[in-house]
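You will see subunit A twice below: alongside subunit B first, and alongside subunit C after that.
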Partner chain A sequence: MFYRESGQLKTSYQEDQALLSITQDRIGLLLILIGAFVLIPLLASDYWFTAILIPFLVFSLAALGLNLLTGYAGQLSLGTAAFMAVGAFAAYNFELRVPGLPVLVSFILAGITTAIVGIAFGIPSLRIRGFYLAVATLAAQFFIPWLLVKVGWFTNYSSSGVITTQPVEIFGYVFDSPVERYLLVLAIVSVLALLAKNLVRSNIGRAWMAVRDMDVAAEVIGIKIMRTKLIAFGVSSFYCGVAGALYAYVYLGSVEPDGFNLDLSFRILFMVIIGGIGSIMGSFFGAAFITLLPIFLDIIINDGAALLNLKLAAGITSVMQLLVFGGLIIFFLIVEPLGLARLWQITKEKLRLWPFPH
Partner chain B sequence: MEFFLEVLIGGLLAGVMYSLVALGFVLIYKASGVFNFAQGAMVFFAALTFVGAQEKLGLSLWAALAFSLLLMILLGVLTEKIVLRPLVNQPPISLFMVTIGLTFFVEGLAQLMWGTKVYPLELGIPDEPVATTIESLGLSATNLPTVLQEINSFDLIAAIVAGVLVAGLAIFFQITKIGRALRAVADDHQAALSIGIPLKSIWAIVWSVAGFVALVAGLMWGARNGVQFALTFVALKALPVLILGGFDSVMGAIVGGLIIGALEKLAEVYIGPFFGGGIEIWFAYVAALLFLLIRPEGLFGDKQIDRV
Partner chain C sequence: MTENILNVNKVSLSFGGVAALKNVSFQVEEHKILAIIGPNGAGKSSLLNVVNGVYKPQKGQVIFKGKTWKNVVPYEAARSGIARTFQNIALFKGMSVLDNILTGRNLKMRAGLLSQAIYLGKCQREETNHRKAVEQIIDFLQIQHIRKTPVGRLPYGLQKRVELARALAAEPELLLLDEPMAGMNVEEKEDMSRFILDVNEEYGTSVILIEHDMGVVMDISDKVVVLDYGKKIGEGTPEEIRNNQEVIDAYLGVAR
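Entry: the complex of A and B
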């Protein structure tokens, strides 16, 4: 009853093509933005910012990047973490080698650098498809962290390979406290998500989907496969690169190449699967789910054990995490292959009628 | 030259170990078109069950072997029933991702059952140069060429095991009725179904056979490196072998394994020093990738023909 489009007539093409065509959606988004930009900074504690909200946003961005490549363009990549590493270390080196470079500019440059690397590793996709390509992207996953460790220049000859990022300073203002860092990453992620949302409904996004659904057919109707795939790799890597830079600068503060391992790549892939393949919003759902799940599991297992007076064997939490993670992935793919985003869709359909039966 | 030969033989024998793991992937891919990423986890599960049954349940070596085989078959059948059957007709990418989920689940399950300790796995195979083994048997090894004397007995036995396994599988596939049914299913699911081949039981058999192969691989790798979580990374070593050999060729798994093993060792010795070492993590991948650019379907893989 409250979420209906009836009566909202569109009188121009512009209205018809608006990003959010229903008033309720516009109000909803406005409320979310107000909540994220105003209410949360007022209410949340430092723990929430550093342990939950900032990683959630950073991972959302990375998942968004992977979703553009895998969900929209249909190219499965297992090297997301490596591209994040490129972004993190590129941003670090731009800041280090170019004195006075605004940090936002170096984030963007890091994204562009990653895009170039991503395109290079995307070139095989022109000839290799499907699983062969997925395995081939593992080459990036193993090669890039190795290169970052081996070539001392990238880590500024730090003996342990760990880099500590420079302070995030914009126009002389240092983003230092958790809430400031949260607002910074929120602003960046919001802008990039809006861009992605528009991109996937432009002709580039449509070409991606055509290639995903059947590349031979796409080629026959005149889509340039090479251009489309390489743009997908480039744009996706740009997002992952910026996410990597934020991961280093805003979330952790100091990173090492080995931190960007295959596990991280899989985590981000899981976010995409659970959130919803081929959905911008799904990337956020998935990131929230995967970020919160370990925290909940920890609480449940530890509190449950305390309640039952059980002594937990060492490492049981991580084992349980593996089990629950794996089980959930299997469950989701069987029950709802389109992920949480699809559940949201179903909810919206239901909301159109609610509280009436017809 | 002798040094080169030594490195080459060492590499080829190490490659056989990769082939053992790659075989499991190929079996399932051939019969059901699923790229089973969980094969590495199955190898880990099998090895851990084998040592766990000995340590915790006090079973003898053979009883533990039978027990783990049974459990692997059960795991395979259940996987097919619970995980894959509901996903029939889903795009291959979904099937691939479900096996990534399965990987995590099986790894967790194995550790939940047997704990997170590192176990040694003792099969009674000597890990020493062949010459020493021969001498310990009371024979003289002096008339063997030195290159052969230096070969590790363990590697040699692993190679023999792999050879026997491949030969056994080849016979199984070529001669037995089930084997022929498997090949028919691999060729065309629908046609096989329409001439009365029971698809469901065939897939259950394939998963069981893959479980058996995982057990053999788990025993060999476990005896070599100890049974620990790192065993799951064995699968990552087998992937370049797969893309090099072709996903759907048993022959490819063997030849690919040999090539990757040899290349890796040679590169480590002759190219590695220029890069400061450590290149074996990615070298196999890059080598396989370059090869794929020339032949996208791998060495022995079926050529894919696309139609609109």
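Entry: the complex of A and C
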């Protein structure tokens, strides 16, 4: 009844092509933005910022990057964490070696560096696909952290391999407190998400999907397959690189190459699968889900045990997490390959008709 | 005398030991519709694939608009004005009808990556302009009601129509249609025939059409080429083909 486009006549193609062509969607987005930029900073605690909201946003960005590559362009990658590492260490070295370089510029340069590395590791995709490509990206996943450890220059010869990031200072203002750091990530992620949405609704986005769905037909209508795939690797890696820089600078503050391991790559891949392959919003859903799930499970299991007066074996929650994760991933792969985003879309379609079916 | 837009000259193509095409030559006159007929496995699809650079013939040349192609790839064929549809529908399944057709215009879009990311301004103007062009094609093919539907959900006949729309979106000079009416009922075939004729008349597009339905072939083509086992065994107006004994033996006899 309340969510529908009836009575909202579009008078031009431009209006029809607008980002959110239904008024309710526009209001919805506005509410989310107000909530995220105004209400949450007023209400949330430091624990929420540092343990939940900041990682959620950083992972959303990484998942978004992977989703552009895998969901839109159809190229599977298991190297996401490695690309994040490139971003983190690139930003660190730019800041370290170029005195006075604004940190936002470092983040952008880190993204560009990662894009170049990503394109290099995307070259095998021109010959191989699917499972074999995944194996090729796995090479990146093992090679990059190894190289970062091996070549001391990258970590500024830190003996443990751990780097501590420089303060995040923009125009003389240091983003230090949890709420400031949260707002900074939020702003960066919002802008990058908007740009990604624009890309996927323009020519390049259609080319990505065309290559994903039917590469022979794409080639025959004049899409350059190689170029399209490499752009996907480049743009995707840019996003992962910036996510990596934020992961180091805003979330953890100090990182080591081995932290960017295959586990992390898989976590991000799961976010994409659960959130929705080929959906910008799905990347956020997936990141939220996977960030929040352990916390909820923790609460449920511990409170449940307390309620029943049970003594839990140590580590039971992490085992439960794995079980629930595994179950959910199988569920989504089999029942709803398009993830939470698709469930959300179905709900909206139902709402559009509600309360009158048909 | 009209110009030939396409000149296929003594083309031979084989896959390993299998000879798909043997010394095939024919011409397509500008603004005309040429039909290719022949039994299954005769090499019809292979011939189209040679014309738009998907397959490279071992021998012979393809001359398009007076230019001889050397090592042509599908991208260049598309750029120089050839569009096609496939025997097995090759739409982009995860995309809407509108996006499928818009993709057909990708070669005409100029906005760079950054401009697309920012969207406002140049990219938006371009998207809107191309949308207008695509809407004309949508009107023309009468698929307004499904423009936002994901193509995977459409019935077969409509998918074939969307594929034609995507090819037309490129505003081709030569349109290659590989069995556009296969699996359609009589009514759908009539619609499709009319669309092909209209495209040919209104935009002057030259057409190569592979079709098994002899009724359709007789109705809409200006010239017919008959293939059998990779060899051209006949060529002429529909009338001549109908009365060609060799063709009747090889093909029409079989078809009936």
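Criterion: the second predicted complex is superposed on the first by the 354 of 358 C-alpha atoms of A that agree within 3 Å, B and C clash if a C-alpha of one lies under 4 Å from a C-alpha of the other, contacts with A are read in each partner's own complex, and residues count from 1 in each chain.
Basically, a contact is a pair of C-beta atoms (placed from the backbone, for glycine too) under 8 Å apart; a residue touches a chain by one contact, two chains touch by 3 or more.
For clarity, every value in this text was computed on a predicted model and none was experimentally measured.
**Student:** Name the contact category of A:Ile204: first (subunit B only), second (subunit C only), both, or neither.
**Tutor:** second
**Student:** When both complexes are superposed, which of subunit B and subunit C contacts more residues belonging to subunit A?
**Tutor:** Answer, by number of touched residues of subunit A: B.
**Student:** Could you look at A:Ala217 and tell me whether it touches subunit B, subunit C, both or neither (first, second, both, neither)?
**Tutor:** both
**Student:** Which partner chains sit in contact with A:Gly130 here, subunit B, subunit C, both or neither? Use first/second/both/neither.
**Tutor:** first
**Student:** Which partner does A:Arg352 contact after superposing on A: first (subunit B), second (subunit C), both, neither?
**Tutor:** A:Arg352 sits against neither subunit B nor subunit C.
**Student:** Overlap of the subunit B and subunit C footprints on subunit A, residue-wise?
**Tutor:** Correct list for subunit A: 214, 216-217, 220.
**Student:** Looking at the complex, which residues from subunit C come into contact with subunit A?
**Tutor:** It is residues 52, 54, 73-75, 77-79, 83-84, 86, 90-95, 99, 102-104, 106-107, 109, 111, 113, 116-119, 123-124, 127-128, 131-132, 135, 166-167, 170 of subunit C that touch subunit A.
**Student:** Subunit C touches which residues of subunit A in the complex?
**Tutor:** For this pair, the touching residues of subunit A are 12-14, 16-17, 195-196, 198-199, 201-207, 209-210, 212-214, 216-224, 231, 235, 278.
**Student:** For the complex, which residues does subunit B have touching subunit A?
**Tutor:** Residue list for subunit B touching subunit A: 35, 83, 86-87, 90, 92-94, 96-98, 100-109, 111-112, 115-116, 236, 239-240, 242-243, 247, 275-276, 278-279, 281-282, 285-286, 288-289, 292-293, 296-298, 304, 306-308.
**Student:** Which residues, counting only subunit A, touch subunit B once they are in their complex?
**Tutor:** Contact set of subunit A toward subunit B: 70, 74, 76, 124, 127-132, 134-136, 138-139, 142-143, 146, 150, 214-217, 220, 262, 266, 269-270, 273, 313-316, 319-330, 333-334, 337.
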